[in-house]
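Okay, so chain A shows up in both of these, paired with chain B first and chain C after.
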Partner chain A sequence: MSKQSGFRQDAANHIIIFFHYMAQYIKTKMAYRADFFIYVFSDLLQQSVNLVFILVIFTKVPAIKGWTRDQILFIYGFFLIPFGLYSGFLNHLFDVPEKYVLEGELDRVLLRPLNAWFQVVVETMNPELLIGTLTGIVIMVYSGNAMGLVPTWWDFPLTLVLVFGATMIYAGVYTFLASLGFWTEGNMGLMPMVYNLSNYGRYPMTIYRGPVRFILTWVLPFAFAGFYPAAILMHRYEYIGYALLTPVIGILSFVFAYRFWVAGIRRYRGTGS
Partner chain B sequence: MPDHDLPGRSRPVGFGNRFLLYLELVRMEFVNNLAYRSSYFTGIFNYTIQIGAYFFLWDAIYSGRRAIGGLNKEEMITYVIVAWVARSFYFSNLDRRVAVEIRDGKIALELIRPYSYQMVKYARASGEAFFRILFFAVPAGTAIYFIRPFGLPPDWQAGLLFLLAVTGGFVINSQISMIAGFCAFFTQSTSGIFRAKRVIMDLFSGLLLPISFYPGWARDIIKLFPFQTVSYMPNLIYLGKITGGAVLHVILLQLFWVAFLGLVSVLFWRFAVKHVVIQGG
Partner chain C sequence: MALIEARGLTKEFRIFRRREGVMGAFRDLFQRDYTTLRAVDGIDFVVAEGEMVGYIGANGAGKSTTIKMLTGILVPTAGSVNVNGFIPYKEREKYTRGIGVVFGQRSQLWWDIAVIESFKLLRRIYNVSQEEFKARLKKFDDILEFGSFLHLPVRKLSLGQRMRCDLTAALLHNPAILFLDEPTIGLDVLGKAKIREFLKEINSESKTTVILTTHDLGDIEALCPRVAIIDKGKMLYDGSVDNLYAQWGHDKMEDIVKKIYEGCKPEQYCMIENWGDTHA
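So, the complex of A and B:
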């Protein structure tokens, strides 16, 4: 078998196994149906907190540093799309240091002939949280309409590319933080901090001071997971340079983080029990 | 406190002994938490980042404006900082702990013990709260003060009354958590309920934005619930926006809610214990 078809076979296997995991997941969730729906509903409720915040504020002021209600909503809407993807599939990279490294769950994962990162992701996914993505689309369409935005044909493929890039940023940052667990042997409490910082991306960068803006752009690039791509999608072309960097930054951060992850796996020696 | 002071198995448990028992639990929880003080250290950074997000936001919202919802910019920034620092004190994982004990069936063992389950939980929560004041709220407040000085209470009386009101807020928040925790008697996964509770607390306690920002109809609804006595009202006392007799009104309102929620949780507890299904294991 050539190398090419070997890769194809491998990718096909991963996709098939993904759907198997998905089927199992749905079965376990459907065992406690009411709880499942309460959980999904509470997730919607959680997204509504920021929505309520924005709506209430704009009953008191017409604009925030020149940004109107609809523009702020549009940014939040875009922010929710990659955020929903992150919540659905990558949120539990949180668990890696404790559950997989410290408690040794990774032993089981590494024994199987499947990519370890992939296994961790499908074992801990919560695909119902993709509902956040849906909320985001609704908010974007609503606010885009309200501000009289007329989408051009390239806005649609562009959105896909930008969402992909933004999701890769989450994947990169959290894979990196999860991999730190291989060295620190345990959680350092960094993840909640970064999680809180990621929420900065849902507002225009112009409200932040220089150093904060720098960090959000070049260090923990959450500005690319919200504001910059959203700005170009609402045709604020002064941010086009940043916006087009989104997929580049996304791919770079994930590739870098994944290498770090692989180095961590090599280092991993199990718990010895 | 030496062990022999604890109520023995055969002796009837008097009120005094019981009080000492709960006091001992407060102390124990405090000491327990000391072992984990480093984890609170990262909590301080966490809160600083959270507060930072709202600082920038409010700073931008107020740019070029004098007062919104009865607060000027400096007052608003003080409000946000005080609200979060106070939260670092009154917040507890009571709901989660209660839920875990119910789900694991440990609650069965608690039911046969000669003390009130709820009082034990409150005592432990108080011990944690004392710990949180010393190792979380005070250092966080001090650190933030150095980064961005914020307003202090207008006089020492206001400061003292604020502490009193926040303590009331702590009790009410704990009671709400307890009731939320009891939901575990009736549902397998409580994470959804806890999240819903958090959303309600964030929005209607006044943590994220002062209740005075809401439109009139929303304020009228919020008034019917205990939430705004947890954060909004204590914060206004801190700012000197509620003074004199109005403070007494807040304290009385809190006492009312403490009694009301206490009654609800006792009734809920009795109902639940009668219908309890202990998870087999």
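So, the complex of A and C:
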């Protein structure tokens, strides 16, 4: 068997296993129904609060730095789509330093014939939080309509590419932070800070001062997970350069972070828990 | 060819020694004081197919570290290791398909889902056919009798029940080698007996090679014709249990092992005067 087809086989195998984990997850959640509804409810509540916040502000002012209520809503709607994917599958990467490294759960992971990162993701996922993605789509459609936006045919495949890129940015940033745990052997409290920062990606970059804009674009590139792609989708083509960079930045950050993860695993296997 | 072949297997850990007090913690920020601990120190360990080997040693002797290197979790600092045709730490994903591992201290199963669901998920992960899966489950159930709690989540099981399920989980894919790290820890007499009976059966019927660490020498006496004794990372004895008795001119394993942990050698006089009352 060639190396290429071996890899393909391996990838296919992981995808099948993913759905089996998913099925198990649903069964478990059926056993804890209350838990499931609380999760979904609290997630929806959080989105509602954010939404009301935006709506209230715009009862006082007609626009913020030239951005209207509907445009801000549209950005928030787009932001929620990759954010829902992140919440559903990658949110618990922050368990890695404590649970997997410090308590040694990674031993068990390393004994299974599956990729370690994959196992951590499927063991800690909360797919019910994908509900955020749905909310996002609804908000996008509503606000797009309200501002009289007429989508072109390429907006749809473009949306998919941009959502993919934005999700990869989350995957990259949080995989990187999780991997730090292999060296610090415990949580450093960076995750909540970065999580808060990620919320800044859902406002127009023009409302921030230079340094903040720079950080959100080039250091922790959350602007690519919200504002830049949303801008091009509402046909603000002055941001097209940035927007098209989204998948590139996404892939680069994930590839870099994954390498860092692999180095972390190597360290773990060298030093033990 | 040997199924397991380790030569000069060594594992060193760097231990960070914290200084005392506030000033000490402050100094630690700038200059860390490391010491190197050699947990496993150049051991040779060769096991043939179908063997059942007891691997014993005091707490901290290096047993678990050895097992973790043999199972591919840890990368050795020095030495070579080849198990089942693989270098465990290099081809982890392929290698782990052919081994089963049970840690007595930590369950390998998913905490919140029913035992049977865990088994089904493992069946998918290891690509075991439906027929084989059913046949094996039935065979294991005959001895381990887990049928009555197959539908409970792992967190609701007693330690003995959990261990029986962990054993089953480790063997569903019919591995060539079964590694057991303290499989009888905390079990009652009946629980231990059941597990021993099961291991014997698996070893004789499926020719599964079994490596087990334990603090209960009863496990060794009941199961293992061969025993390896490790202390402070060094292999002190590796050979048949019969030969161990002959060397020491004594047939109480507990006494012998105590002497070995105390640093005595069979030819030394020190052990003879202190054989203890158990022998009398």
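Here is the rule we go by: the second predicted complex is superposed on the first by the 266 of 273 C-alpha atoms of A that agree within 3 Å, B and C clash if a C-alpha of one lies under 4 Å from a C-alpha of the other, contacts with A are read in each partner's own complex, and residues count from 1 in each chain.
Here is the rule we use: a residue touches a chain if its C-beta (ideal position, glycine included) is under 8 Å from a C-beta of that chain, and two chains touch if they have at least 3 such contacts.
Source: prediction; values computed, not measured.
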Looking at A:152 after the superposition, I want to know if it touches chain B, chain C, both of them or none. Which is it: first, second, both, neither?
neither
Answer with first, second, both or neither: which of chain B and chain C does A:115 touch in the superposed model?
second
Touching A:208 in the superposition: chain B (first), chain C (second), both, neither?
first
So which one touches more of the residues on chain A, chain B or chain C?
B
Name the contact category of A:270: first (chain B only), second (chain C only), both, or neither.
second
Quick one: classify A:17 as touching chain B (first), chain C (second), both or neither.
second
Once the two structures are superposed, pull the chain A residues common to the chain B and chain C interfaces.
32
If you look only at chain B, which of its residues touch chain A in the complex?
39, 42-43, 45-46, 49-50, 52-53, 56-57, 59-61, 63, 65, 68-69, 187-189, 191-193, 195-196, 198-199, 202-203, 208-209, 213-215
What residues on chain A touch chain C, complex-wise?
10, 13, 16-17, 20-21, 24, 27-28, 31-32, 104, 107-108, 110-115, 123, 266, 269-272
Write out the stretch or stretches of chain A touching chain B in their complex.
32, 34-36, 38-43, 45-46, 48-49, 52-53, 56-57, 59-61, 64-65, 188-190, 192-193, 196-197, 199-200, 203, 206-209, 212
What residues on chain C touch chain A, complex-wise?
13-14, 65, 68, 71-75, 89, 92-94, 96-97, 99, 101, 103, 106, 108, 110, 112-114, 117, 120-121, 124-127, 153
